[in-house]
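By letter and in written order, the chains are A, B and C; residue numbering begins at 1 in each of them.
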Amino acid sequence: MKKTKNKVLSVNSLSIRRSERWLFRNLNFELQSGQIIQVVGHNGCGKTSLLRTLCGLLLPAEGDYIWQGEDEYTPAYPMFIGHLTAVKPELSVFENLSLHPLAENFASEEAIIKAIAEVNLGNYMDTPARYLSAGQTRRVGLARLLLSTSSCWVLDEPFTALDVQGCRWLEGKIDEFINQGGAVLLTSHQPVTLRNSLDILDLDDLNSSKSNKDKVA
Amino acid sequence: MNWQWFHRLGSPKWFYAKCTRWLPWLWLICVTLFGFGLYQGLLNSVADYQQGETVRIMYLHVPTAFASMMFYVTMAVAAAVGYIWRMKMAHMVAISVAPVGAAMTFLALATGSLWGQPTWGTWWVWDARLTSELILLFLYLGFIALHQSFEDREVGDRAAGVLAMVGVINVPIIHYSVYWWNSLHQGATVSKLDKPSLDPSMLSALMYMLLAVILFCSIIIIMRLRNEILSREQGKQWIKEVL
Amino acid sequence: MFFKLLKRELLRHWRCRQDLINPLVFFLITVSLFPLAVTPEGQMLQLMGNGVIWVAAMLASLLSLDTMYRDDYHDGTLELLLLQSGSPYTVVFVKILSHWLTTGLPLVLVSPILSVMMQMNDEAIKAQMLTLLIGTPVLSLIGSVGMGLTVGLRQGGVLLSLLVLPLYIPILIFGASAVSAASMGLEYIGQLGLLGAFLMGSISLVPLASVAAIKVSIR
């Protein structure tokens, strides 16, 4: 349990533009270990674009962001789970996890078996993923969270396609991760009930007021 | 070194203002050059002792062929600059040059074919120059098609930038492969410019026409560039002031 | 990292074997169309056989490029691989290598059968295999850039051939000419050397361009 709060991510006057339309301009915020930030806003306000930019998949139009690793010199690999599950239909559940790199590493066999049991897919270990339902496929993707050693999760709509139990389980996992000193940046359309307190980053607010000041205290 | 000029080049506003002022003068020079070139080429120069009057196609064929290659390099360099330094203006230049270059390539092919009919007795010969010109046309069309197929213009810019960099490395390789292929299959029996030197009157006509065609293309490119600037910067304050 | 990723790719291809056989069948059919269309006469076949086999191999390689990035792009694997593997170049290189192992290499192995069918002599068959062995990796390499650029587009297929085929021309010229030189009993080491130079050049430069292309496509 790490008690010291250290900065994981800092975003400096970030602006994102898609197809010559500014999604938002001049966004500033910081994410610290043990903090959860939920990005909210209407459809198409740039939530997904923001997360994808912060993970390095898109280029920001202006501004920058820094991921802080264990110390100043190690870069951090945020664990990104997007809309797409990144589960290959022709590989089995086990292979999907064992042959997928996480932060330059591959998880050990025992850890994978444990993670598969944890997401309730123990009976499907060697089943090709194309026979799984949408919710089960999503669980395979989420099992990667359990295998990752990253200090920050970036989750884009992680609750999609999950059943009620699945949602409760994921919320429990997020709480556990936060208690261990992790940091979470997520978007979700359904209300998230967590034991830890949740900070809201409202992109609509940013757009309407056009102010430069920090939106997240 | 003072890089002020380079940064100013990157400003659409500065560029728009400058070329609006220059355009009439450029037109004037261009028309004059065309006048000189056409007079010299069609009336004042000697006809070829073998090919007769048809040799005058050369005054259009050679400049367009030259321009087609020159503008490919221009386009590729501009696209690469735009990709590497993320410079908006460079992308706009690249995309304005592309159709003009493609048109010149097409003209070079068409005039080459027209010239081939009386000289070689056939509309098309797999001659090294014509073949590499044809491949150049494909490269231009690929560049334009790739840029067009992205809805997001900026993504299209960057994709085209990558393609242009790959293309510009490949163009010399393709060019020399085609020459090698041609010499292997045909020998050097059919060559258009087999005379050791041109008559001075022909040479001066060729030079006038070369300058005129390049200047004409540049004017078209500048006009296309102005359109491109207007359509991309619409909504900006300075556009409202200019129009 | 390299071997795990390679294992993953090969396993994936092995699970959809049909996709591996399709380019080969395409290759066989295309080549066998030519005697039907032109003439079954031996002299003529000998003359054009090398070119026909090369063009068909090029098209087969082009058509199979889809398997390289498209699936991974559409289910989000590609972006995670780029982010989490530490080196995007390794990812791209593995992809290209596995594409060659699953399509280029089988084409090389099948080509002697077709060469025999096209009435080519022993020396030409040997040259055909050698040039294809050196040439097909270059096709996969150059194709990966085109594929990377068009992977996000709905109508990428036709555009892909427009982008990639002109860049294939040098390989075609030198590959086919080596075979025809061999069939006439001439030396063809020069052409092989040039093909080798293309291979070395593209191995060193293409991964850079390919990664840049994919980064443009990921949105």
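In this section, a contact is a pair of C-beta atoms (placed from the backbone, for glycine too) under 8 Å apart; a residue touches a chain by one contact, two chains touch by 3 or more.
Everything quoted here is computed from the prediction, not taken from an experiment.
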Farthest CA centroid from chain B: chain A
With centres defined as CA means, the chain nearest the overall centre is C
When centres are defined as mean Cα positions, the distance from chain A to chain B in whole Å is 49
The distance between the C-alpha centres of chain B and chain C, rounded to whole Å, is 32
Whole-angstrom distance, CA centroid of chain A to CA centroid of chain C, is 38
Listed in rising order, chain A residues that touch 2 or more other chains are none
Check: chain B positions touching at least 2 other chains come out as 152
Among all residues of chain C, those touching at least two other chains are 219
So, in the complex, the side of chain B touching chain A is made of residues 151-154, 232
Listed in rising order, the residues of chain B that touch chain C in the complex are 83, 135, 138-139, 141-142, 145-146, 149-150, 152, 155, 158-159, 162-163, 165-167, 169-170, 173-174, 177-178, 180-181, 184
Per the touch rule above, chain C residues touching chain B in the complex are 145, 149-150, 153, 155, 159, 162-163, 165-167, 169-170, 173-174, 177, 198, 205, 209, 212-213, 216-217, 219
In the complex, chain C touches chain A at residues 1, 4-5, 7-8, 11-12, 15-16, 71-72, 74-77, 79-81, 83-86, 218-219
Per the touch rule above, chain A residues touching chain B in the complex are 17-20
